[in-house]
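To start, the structure itself, in structure tokens.
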């Protein structure tokens, strides 16, 4: 189980680092800015989670592997776009690029939501669905909120289709299934539910109510 | 005393959730964004306080009641403005609306300032006026700062009339009166001082010095 | 050693408070906003560091001296610019002013990087270069990031020449030299390396790669 969670964490780290690094590249930041924003996005949610849970120093500080993967990802993406700047220039028409970015962000959201719940369950033993889901959602959305605030954008969580909603739904599924079907099933189902809801919302352009 | 503080906390939660939710509604966020910004404003200051005091997990995570009241408030306000969008359209001339918003923000500021001092006094027993006031001010202004940063606004605390000043004055009164007149008197007087100073400053448009 | 670190901390506090206060003054904030932004910049990095290290309440809350120096600095700068507003008006041509501001920010960055490493080494005894450097960089850049986000600017760390790079290089030098040459040598050399790299980068306008 620990290995499985670790693999998930690394995939989530790479996915979130990609989303942070690409936003920095689009904003014409230099290679250091790209790495900083990539790393902040990748480890930000987990750091918030650990501070909330009272785990000091946070895992991202104690184990270099997460920051290392975030930096490798960011630098690789920088190298690719530096040698092929046309990737960004044709972007307006490039639906493929936008879809990959959305997938990265969604994958990070889903993975960190369930990973956050696992971490919370390791610290707090009593069954408290609200607490587990809240920690999971914070872990899932935290990195993206830091990324957007530092990049000067309105946070995704406030404006994108069904963003927090997908994380909350996946978190509830994860907590319920962990109890009834075991940890692995809960983690996998929670992840799938988050990703599927977010992808469906983006594909069908589900719009939630807003005051006009 | 605990019941009294709890009632204050719920009033402050509703007041701050209202101020966060209305800013989200004005910015045309959807119903989820409105709830997220309302809840962040309502529990943000208390979360910062608990992290500073070493209370993990923070109260907002351990006890769902605060988030629940924030969500109820935000959803109710969304429903009202969704069915009566003219409330916002006539806003430019609507002094009444602006005054209610200011009152909500002021009430939250005052309540969380004194509630923060109570929480700090439960953790640190030695008498340290600076520490108590600092924690109170952070609790009072924290939610609003998060709200403004996430909404892309310059934080109130930096630009509004006498904002932090009111919280600091109320915090000092609270700490001094708690010692000399008992906890309830300190809490009530600190709250009144914060609210009155802020209201007077807004009403008379007190301007502090600024470099022109 | 403790006295030496304390003197460094006060110099760093004054330097960062100056950089925060001047940005607030340039943005036409009133005297309270100037003090709040000055104090946030000065103690923000140390607060993040203490929360990461599990030191609660953070030093800035427990010992008033840092906030006091930040407020004195901010108020003094406000008084100077209020009575001499022409300092800011001729700013466009005033290279001298920009250089002083850059020096303040650089000094704060260098000092808090090495001070952060000292604090981390007091808490975590095992030798972990990555951890020490990470905490040092966070302490060094944290106050400036809060300042820029609250002032509505893109954080320096993402866009300025070699900003985080200088802090990382100085941090590594500090950790390595502390082991081999003793604490004082590590602190002084780490500080010098950070400041010199940052100054050279600004003077020679070193540009890092960015995608065009």
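Should a chain be cited, it is by its letter among A, B and C, assigned in written order, with residues numbered from 1 in that chain.
Here is the rule we use: a contact is a pair of C-beta atoms (placed from the backbone, for glycine too) under 8 Å apart; a residue touches a chain by one contact, two chains touch by 3 or more.
On a predicted model such as this, the values are computed, not experimentally measured, just so you know.
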item	value
Type of subunit B:subunit C copy interface by residue overlap (half), same or different	different
Angle (degrees, nearest 5) of the CA superposition of subunit A onto subunit B	120
Centre distance in Å when subunit B and subunit C are each reduced to the mean of their C-alpha atoms	30
Per-residue overlap in subunit B, given as positions that touch at least 2 other chains	51, 54, 149, 152
Residues of subunit B defined as touching subunit C within the complex	51-54, 124, 128, 130-131, 134-135, 145, 149, 152, 154-155, 157-159, 162-165, 207-212
Residue ranges of subunit A touching subunit C (in the complex, touch as defined)	24-25, 27-33, 36-37, 47, 51, 54, 56-58, 61-62, 64, 67, 78, 81-82, 85, 88, 149-152
